[in-house]
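Below, chain A partners chain B and then partners chain C, in two separate complexes.
== the complex of A and B ==
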């Protein structure tokens, strides 16, 4: 999936990259990749799809459900890394945008004859995009702490709507979501592939994986195109971007809408996986968790957003297990998780400030630079 | 540009300045520090809105347009610093400059349609050509922060030129350049003048006098002289303004006058 990562991080501040070579020949990889972006990205999707099937079939139902959780975190984090990493806008309100997607999905599924799931997801995406457009229009005029403050207000305020409209949105208790049942062909397909029984959990995990793949495919397309480049230009120097003919407001709003669409889809997947859309699930903590994920993974990188989300999902479990193994009782072990989070975040800030993917990229650039210098002095 | 005035709070940066840039000409804009040159540029490219007066380009009223709208009309500008995008490669920086020639929209990018690839290829070709024009094509894959200042300035110029503007605004393009680089820059500006109009702010008098067709002199936001290079240099008001600030500059200008004249006649 390295193909999906962005070129977002400036290698500034690393002296070794100062001599990064200019020759295009150093870019040719050993494996010949298709010229067409579409083919290249479809190829990557295919590889990832196979990996996802293998992963979901060799793991037990509990891991399956964890992977479903990973999928909705990663979908939302992917959108957020585009907004924050590529366009330079911070949002503390993405948890609330996920809520919009989740409630939309819950409401549509509560109908007597619910629409097909893809259509419901699409509706969740559209509704959240519209909310995102409104927020983005306001946000495009704000910077730094003001933007953080405005989106914070969204994070705190929007779940309050659920309390206001108790009848339809279920108030504090939230909205029970009727998770759609797996179609018959799914069971047969799974049996044919691995011989495993097709549980409801497995179906939801597959739905999550498919949504994730589609989201990252589309985001990678954008990131690789003129759109992604324009977002990065606006992030780096808005005056110069404007002088190049870029209408700042529209491009900022566009980034917000794309990012909100992902949050909406993430929320939709969350709704069916958790089978509940409740205000308590979409607090500021969720927004902060998403930001933590993209910073840990490496801002602006889709692969980084995925890795960061994986840390978010698996780290608490891992520390709880380790805690129990070390002789702590259940509650004590569970309390380890936030602590370990903190430590991981601090360690990452010190040793890998560019995030996981960003740091590896810097290493790679540095090595390339060294080789170039060696080549030049060899002449 | 007619009777343009700009005030920041109580400070009058420009006061009823009028200026005409003829098609295909290089127009110099000089004056001591704080004279209002950068402000005039900011008005011309939409960063600062004029309090009064009118700005027209090809019969279009520009005073109320935003910078991005002006850029799409073919007005390009370099910044007094370099203003490159730090997180974009040199090639990508220049491709951003070609923004107004991009055709593929959001949908074709989202679905990675062949249309988007084709558009990218065209932008890349344009950008590579613009870099080659300035002898900076070897740096295409580098990040601006890793390049020497003069190279960065060339990249910034390539970014402005790649849009094939009708009017190019250059704010102190020669600052930080060595003698020979400055001479190359002068020659480049002369070759540009056939294709576009250039408005040039520059402190190096020899450069201004050698490349400009006409020169306008500002002092404390007021226009004090305007005309051909010869006329302006002979103007006592100009010498007086410069005497107040920097004798050397006026001296330089006068000294270089005759030499430049013959050089330009030669070129023509």
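== the complex of A and C ==
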């Protein structure tokens, strides 16, 4: 489901690799997987859904809320990995796009008779996509550091709107978000599945998990389609892509829109989980954290984005606990978390430049190629 | 009129600091094609070195010099030990490494020195000069800021233009392979480039700290504005960095004074940058580039 990248093919120019796919396909197809990409992805989503239910039911409410946090990071990171990994555009401004989604959700939920939650999420996605189209149009002409600079200014500048329009957006204090109540059928369903009481936290965690699964399912299909292939063509060689009749500008804008839509949904989930949309939640740190998550996990891979987001959520907690256990006082232990995160980033980039998923995949492909060579020469 | 002059003067001083910081970023970008997000944290660390020395009873100027020297060493060590391993790799990886350094250095300083606000001494007075009975916003300390940045720029120009080391550094930045064939120690030049950039960054940090408060995150906004200034001018052009810094400093001062206060300053930076980049995607001072293959 997360195999998005074409890089890391076995080394070309090797006489054995041509024969390798044919001989290995018979070995790897021991588990019969459906031929259709759509069916395969549906199967993966089903397995992940079961895993999510099990995970949410065996953990305590605190872990539930951490998993809800993970879900909104992962949704936004999934969108960013498509933009940066597949289409090669860097964005340091996705935190601001998440803010758009969160504020839209907050405004819709503050109505006297709020719309059903899925419709509100859809509205957040649409509004953020529009903003994304605007940003994408400006960004489509920019390269590398210039794009980074423009999106950096976006990340820092856009939350300023909340301060400017104090009456509607709540200024510094932010917008209180009324989290929607869990429907009655949810409590009964949970009781039937595990016998646990259904709390508000649990409901939000489930909403996050469902949103995450739907997003990743759609993204996984998208990147295996013609659209995904076109994006890769634009990333790898824009001149060749242009010669092949691809309009670079519109495809770059489309990538930004898709990515912004995910960020908007992530922001919407954030708003109901945190129950607040405030400028302090959408600082530059959030945008940078998303970027580090996708590179650490493995650029262009949805599984990598998920792993990177998990690191983002669980590593600080873990190090703070370890620091407290080692006898550091509160503030020192709190600062230990960013320190360890920074060191992990540096060390990971030096020793595993392809990220977590990318490095494992490269190892695996290298081993497979080596075996194929050994078999060929033994023949 | 008085307000206009005051705004211009404070914008000018602010812009000079942006310019110095942008210049540090450009120095690194030209030699290694890396945007150094850790610049702010490194400068902050050296400012804390100066603060510790001042608290220990040292003379301000001695602490100032020691801070700059420690910036030089820190820049060289970071390049040699960490950045060297990711140079020439994927662009994004180098960015992530500098982000990691940014976070790690900031947290390390917070662990060692605490994250509370501490006042930093100013070398000169903070009361404005009086001209014809009016006190204007030009303080002796601001004059010092402007002069210090101008002197530093002059020294850098002299270094690159008139010395053999400067020539070698330019050669290493221009074409590594060719420079190496001509006997330039390219690796050593890159280390020197990072060290010099760290000194300029430290200077910006010390100047902005003077007469104000320092805490581990106090350079964060300067990174943003310094980077925006560098992009505004065109990352390959040192003159662009200076002009970009001054333009940004003045523009933000005017926006803050005449259009609704500090809450829109960041927004104004965004608008200025987007407008400039829409017209010139490579910054104001972009040189015309040959078409890539």
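Here is the rule we go by: the second predicted complex is superposed on the first by the 351 of 379 C-alpha atoms of A that agree within 3 Å, B and C clash if a C-alpha of one lies under 4 Å from a C-alpha of the other, contacts with A are read in each partner's own complex, and residues count from 1 in each chain.
Convention: contacts are C-beta pairs under 8 Å (C-beta built on N, C-alpha and C of every residue); 3 or more make two chains touch, one makes a residue touch a chain.
These numbers come from a predicted model, not from an experiment.
In the superposition on chain A, contact is made by A:239 with both chain B and chain C. Legend: residue contacts after superposition of the two complexes on their common chain; A:143 is shown touching chain C, with no touch to chain B. By the document's definition of touching, neither partner reaches A:364: not chain B, not chain C. When the two complexes are overlaid on their common chain A, residue A:164 makes contact with chain C while staying clear of chain B. Of the two partner chains placed by the overlay, only chain C lies in contact with A:90; chain B stays clear of it. Contacts of A:346 after superposition: chain C is touched, whereas chain B is not reached.
In the superposition on chain A, no contact is made by A:62 with either chain B or chain C. With both structures placed on the common chain, the touch criterion links A:288 to chain C but leaves chain B unconnected.
Residue overlap on chain A between the chain B contacts of one complex and the chain C contacts of the other covers 239. Interface of chain A with chain C (complex): residues 84, 90, 138, 141-146, 148-150, 152-154, 156-161, 163-164, 239, 284, 288, 291-292, 295-296, 299, 331-332, 335-339, 341-346, 349-350, 353.
Residues 29, 35, 82, 85-86, 89-97, 99-108, 110-111, 114-115, 220, 224, 227-228, 230-231, 235, 260, 263-271, 273-274, 277-278, 281-283, 292-293 of chain C touch chain A in their complex. Every residue of chain A that touches chain B in the complex is listed here, in rising order: 7-12, 17-24, 27, 35-38, 41, 218, 221-222, 224-227, 229-230, 232-233, 235-237, 239-248, 254. The part of chain B that touches chain A in the complex is made up of residues 45, 47, 66-69, 71-72, 76-77, 79, 83-89, 92-93, 95-97, 99-100, 102, 104, 106, 109-114, 116-117, 119-120, 123, 138-143, 145-146, 159, 163.
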